[in-house]
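There are two complexes below, and they share chain A, which is joined by chain B in the first and by chain C in the second.
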Partner chain A sequence: MALQTQARPSSQAGPGPMPQGGKSPRAARLTPHAIRDQRAGLSFISPSLLVMVALIIYPLGYGLYISFFRTNLRNQWDFVGFKFFIQTLTDPAFIHSIGVTLLFAVLVVLGNLVIGTALALILNTEMRFRTLFRAILILPWLFPDVVVALIFKWIYNPLYGLLNYGLMTVHLIDKPIAWLDDPNLAFVAVVISCIWKGYPLVMILILAGLQSIPKERYEAASLDGAGPIGSFRHITLPGLLPVLIVSIILDTVWWFKHFTIVWLMTAGGPIDATKVVSIDIYRVAFQNFDFGRASAMAVIVFVICLAISIVYRKLVRDNES
Partner chain B sequence: MRSGANPAYYVLLSVAALFVLMPVFWMVSTSLKPETELFLAPPRLWASSPDVSAFIRVFTDYPFVDYFRNSLVVVSASTVISLAFSTLSAYGLSRFEFRGRASFLTFLLISQMFPSIMLLIPYYKIMETFGLVNTQVALILTYVSFTIPFCSWMMYGYFKSIPRELDEAASIDGAGRFATFARIVLPLTLPGVVATAIYSFVTGWNEYMFALILTSSEDMKTVPVGIGQLIGQYKIQWNDLMASSLYAIIPLMIIFIFLQRYLISGLTAGGVKS
Partner chain C sequence: MKLTKPLAALLGLGLAGAVLTGCSSQAGAQSTSAPANAKVTLTVLSPLVVETPSGDVEKAYAAEYQKLHPNVTIEFIGVPMNDAYAKISTLATGGQMPDIFINSPEFSAKAKQLGIVADMDKLLGADYLKGFAKAPLDQAKLGGKTQFAPYFTIPTGLLYRSDLFKQAGITPPTTWSAFEADAKKLTVDTNNDGQTDRWGFAMVGTNDGSGGSRFIPVMRTFGAKELVKSGSSWTTQFDSAGAIKAFKLYGDLVNKDHAVPPGPLQTGYAQANALLATDKAAMMITGPHTIGAILTQNPALKGKLAGAPLPHAPGEKSVSVLGMLGWSVSQDSKHQQAAADYIKFVLDKKNQLAFNAATGRFPTRNDALADPQVNRPELKGFIAAQDNAFILPAVPYYANLQVIAGGDYQQVILNKMTPEQAAKDAAEQTKKSISDNG
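Take a look at the complex of A and B:
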């Protein structure tokens, strides 16, 4: 990648050929400087652009293509048109798993947001042991999903697990509970494990956002007689809003498509109570080898994720204006 | 918000720390239990005769040496590639006005919206076509495709915070574009680069789903896949499992302890401000 960018300087002195399609008024006014910008910009992004075309756009297009076929990806390629899309959208089991996923994502994001923001606000104050607390509280972010799933599965173990032991020791329950065998309890148990893993990232993002708010603003506010609540409402919150919105968008999408922790803890059970849509797709693809249908499901999930982010972005714009 | 040491803050932080540390404690305690104490009801909080044999067994009874080698190779390679590519593209985005710039930036964000499972099926087929299934290359390509968009976005925010006058001064001094980038501007973004590297490393090191599908033989599997399949066994050896999990976390801990101060400052100036 270094070659492309280094080989340029000599040719950049002259105006050079116009970039393609110079019809728009902006293009017609391109100065030599602007043309240099065009070329330099493109050459700097070209390695990433190539990777993204080859490894994201092409596979996505291919995935879309697969969704129109009944296929095992080897010798069977029967064109079925939109059949799988219609089938999926009218399938109560799929609607159920979308519902489960939405509830799951909303609860996890809400938990992450409340815990992450509260901890970030506290960690942003001058206090002793701040670095130590911060290091401990970021810890779960470093844990692989696989490890998180296994620790919690072991903690929730009805006979040998820490949770039942703790609850029985303090006499909150008197006989062991099989947390992951009851549909409602399993759902809550999985959500809690995911919050354990997920809140540190939100906390880091918000902490970063808080530290980017200039201190002078707080000083100005306190000169104007604002109390702690007033300065939180008028300075912290507006200053934090962009970070909050981005964190919410990314976090929602991340958890909406989450697979690993749920898969390893419950594999979608009991009675489909934790069958999030990624697990549904995974099963259809790699256990039933119904790749076309699975791709159609994945396309639908992508549209949902995109819709979520568009709604959020619209909210942000309305808020800004 | 500088009311000083509010005792309620310490209580809240301690409760949160306890919530974090209890599972970690249980993990360490389990990994030190001999098999005889593993399945006791009620469980013992701490083994009466703790031993470290599980930590040795991980390497003698299971192919964890292979798993670690694969993880290290794949994740290091993908981190280096993704850093190189994303710093270049982020610099380009922050310094030059060019057609397609806005769409490229939007695409970086939208790429976070793809359900990764949507890529899994085509990847599986494409890798098979190119004979890359069950190779480290397949996983490197996969992880690079995850991390480049997000890292570019993070680094973009970081480069924006460095004044352009610096570039102009360098170009007056006769430095070429690439030299300006590599020798003048990039070194100033070190905290951002470190934060991005940590992100990229952690993402790759922890990835499970793609590695599960794209590798098949024991000598090509990564650490998360290796740990994950221990739970599929008939009788789960929780002590071995927790010992191997602790090993999986150690590289991240080491990185984190040395670099944590960069992480927050890197994110502060970085892409999170969008």
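Take a look at the complex of A and C:
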């Protein structure tokens, strides 16, 4: 607090002529005590600042720097300017992978939202064994991505898979289906696996949101003659809106850059049907060893994620106002 | 007893001095000790250590070497083969290279471009290099300089169930039309429930190095090469008549002959050899190492597996890829000589034969190759295949060509492209790779 009270007069004084010795009016008017406080403040924030620079600013800056070079990151650094950006933005394969990624992210987020909301509404009721159901339903979120991918890969296996076995047992199909070999089925299969992995987070967020809505509102609505649908529409939904917006945006960014499950289940195939942009970047970097172009692609994805983040902030601000 | 402040300070100084003196004399003792006795940790990046049964053999080498050299510790970095080159590149760019890493003809040009290979000629010595068989050593060289010490070869051929062939009254096919006919004949319903439960051919149809490295030799048996030297640059025959026939063969085996188990596009090397091990398939394009992998899963198949050279198109010849891996010492290694010594230990006759016995992979040293053990009956077909081996073009983007081929045979299998369209697409992508890499 001392820092604020001491600093304010100097900032209110505005710019003035430099006193002798080249010191600014602000520095000249700071008492030794205020300077000591300022240094203390800087020393308090410096560990966080250093960590942020090391873990966020430097990698981002380095990634951007690499994108201007044809490089193997070791002994080849040929400056190419914006060539890789132009090449990437005019490459139909990259545009295709952005399209696949957007569709994938939208479907997974939608699935997470529908299933997460439905389960949260059920768990918010006064049902028996509620704690047990909560514990069971959160389980998929606790599994590592690798485990989820392998579980589903086995479920979809054409020879030994549980899905084919079940469908053949009830005579819905007469011969095994290679789910991950068909481009359309593979895409749906991967989306389902990701929804299974992702819905618990949304469920927990929404459950927390539901529990923050005062019960009196429902009682008042009931007295006014509102049914369950009316209560959901006019009380639950508006009450949940801030949580929903945060969930949607966080989930969209999360799944937009997702790699592991898709890579392990299909490696982007068959014939690029599940080639999300993260797989495209991985292949360019580590199969073609074209690190410069991969960085340019990553920068473009960063810009897209940044745009999503700006939309999120705008929506939240509008909502608050 | 209470110490006064000056006395405590004096004692403190004395203790500090004693500690520092002790440290400096210890450091002095270390610096004067013989390098041979100095503690050395060798890191080895190996894809084989995560496989069965090769992993057990590699760990046994390391344990024995550590027993013989108590000052040396061997630490493995296990990486699956399909991820090995990406891992090496990542470690190289991060300045974290292991002392020894796996290398191959497909990757050696890239490794050389990255500047990560030490001077192997100097480290191994001219006399030692003379002990390698000529074909693997030739493939381990770039511009006359050895890039890696060849570890083993696995010549690509046709692995088949000899008992099922005998039962069906057929012999290993020498042409692709005979192969298709045999594959159809071997596709059967073994338990008469109306469902096919054994297929003729376990196709590795994944779009990766495993799939692509099998398709390219097949394409060569139709007379089409993925890369051809044209003056000082490269061109491709991916769009030639031979390549079109190779793409057509893959499509027909799945869609016309129905001789491939369901899900070929998700069938990688591990899944394909599991299909043979579980009696679900009768043939596979692979090397002799798969015999060891299958027998580990199903020992009952001992004596029922054999190899043959790849079939070929009429008027063409069978071909094979040596499928070779070798060991390079890292340029960044601080223990290059110790690393070279470990590689020589791994490659001595006893260890090469132990590796061959466990995995079926062929040795690369002349003394081990001459041993009767290597010429056992189930390996004879692969030994014959070895004579048809071609040298892989040494370009840094070679691994990418395998993926290009993989993407296009998947298009044909899914009927999304005709063989002609797939061949044209593969050729265009290959030309782009050539031009991107100057």
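Simple rule for what comes next: the second predicted complex is superposed on the first by the 260 of 321 C-alpha atoms of A that agree within 3 Å, B and C clash if a C-alpha of one lies under 4 Å from a C-alpha of the other, contacts with A are read in each partner's own complex, and residues count from 1 in each chain.
Simple rule for what comes next: contacts are C-beta pairs under 8 Å (C-beta built on N, C-alpha and C of every residue); 3 or more make two chains touch, one makes a residue touch a chain.
Not measured: the values here are computed from a predicted model.
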* **Partner, of chain C and chain B, that touches more residues belonging to chain A** => B
* Asked: Just chain B (first), just chain C (second), both, or neither: which does A:A178 touch?
  -> second
* Which partner does A:G269 contact after superposing on A: first (chain B), second (chain C), both, neither? -> second
* Return first, second, both or neither, reflecting whether A:N288 touches chain B, chain C, both chains, or no partner chain. => second
* Asked: Of the two partner chains, chain B (first) and chain C (second), which one does A:I95 touch, if any: first, second, both, or neither?
  -> neither
* Kindly classify A:L159 by the partners it touches after superposition: chain B alone (first), chain C alone (second), both, or neither? => both
* After superposition on the shared chain, which partner residues are touched by A:A220: those of chain B (first), chain C (second), both, or neither? -> neither
* Taking the superposition as given, does A:L73 touch the first partner, chain B, the second, chain C, both, or neither? -> both
* Touching both chain C and chain B, counted on chain A across the two superposed complexes -> 73, 153, 159, 286, 291
* Asked: Considering the complex alone, what residue numbers of chain C touch chain A?
  -> 85-86, 89-90, 92-93, 110, 113-116, 195, 206-208, 261-266, 280, 396-397, 399-400, 403, 407, 410-411, 414, 416, 433, 436
* In their complex, what parts of chain B are in touch with chain A? -> 1-6, 9-10, 12-13, 16-17, 19-24, 26-27, 30, 38-43, 45, 84-86, 88-89, 91-93, 95-101, 104, 107, 109-126, 128, 141-142, 144-145, 148-149, 152, 176-179, 181, 202, 205-206, 208-209, 213, 223-224, 227-228, 231, 238, 241-242, 245, 248-249, 252-253, 256-257, 260, 263-265, 267-270, 272-274
* Structure fact -> Within the complex, chain B is touched by chain A residues 1-2, 5-6, 8-9, 19, 27, 34, 37-45, 47-49, 51-52, 55-56, 59-60, 62-63, 66, 73, 115, 118-119, 121-128, 133-147, 150-155, 159-162, 165, 168, 196, 204-205, 207-209, 211-212, 218, 228, 231-232, 236, 242-243, 246-247, 250, 253-254, 256-257, 259-260, 264, 277-278, 281-282, 285-286, 291, 294-295, 298-299, 301-302, 305-306, 308-309
* **Residue ranges of chain A touching chain C (in the complex, touch as defined)** => 72-76, 153, 157-159, 175-178, 180-183, 266-272, 283, 286-291
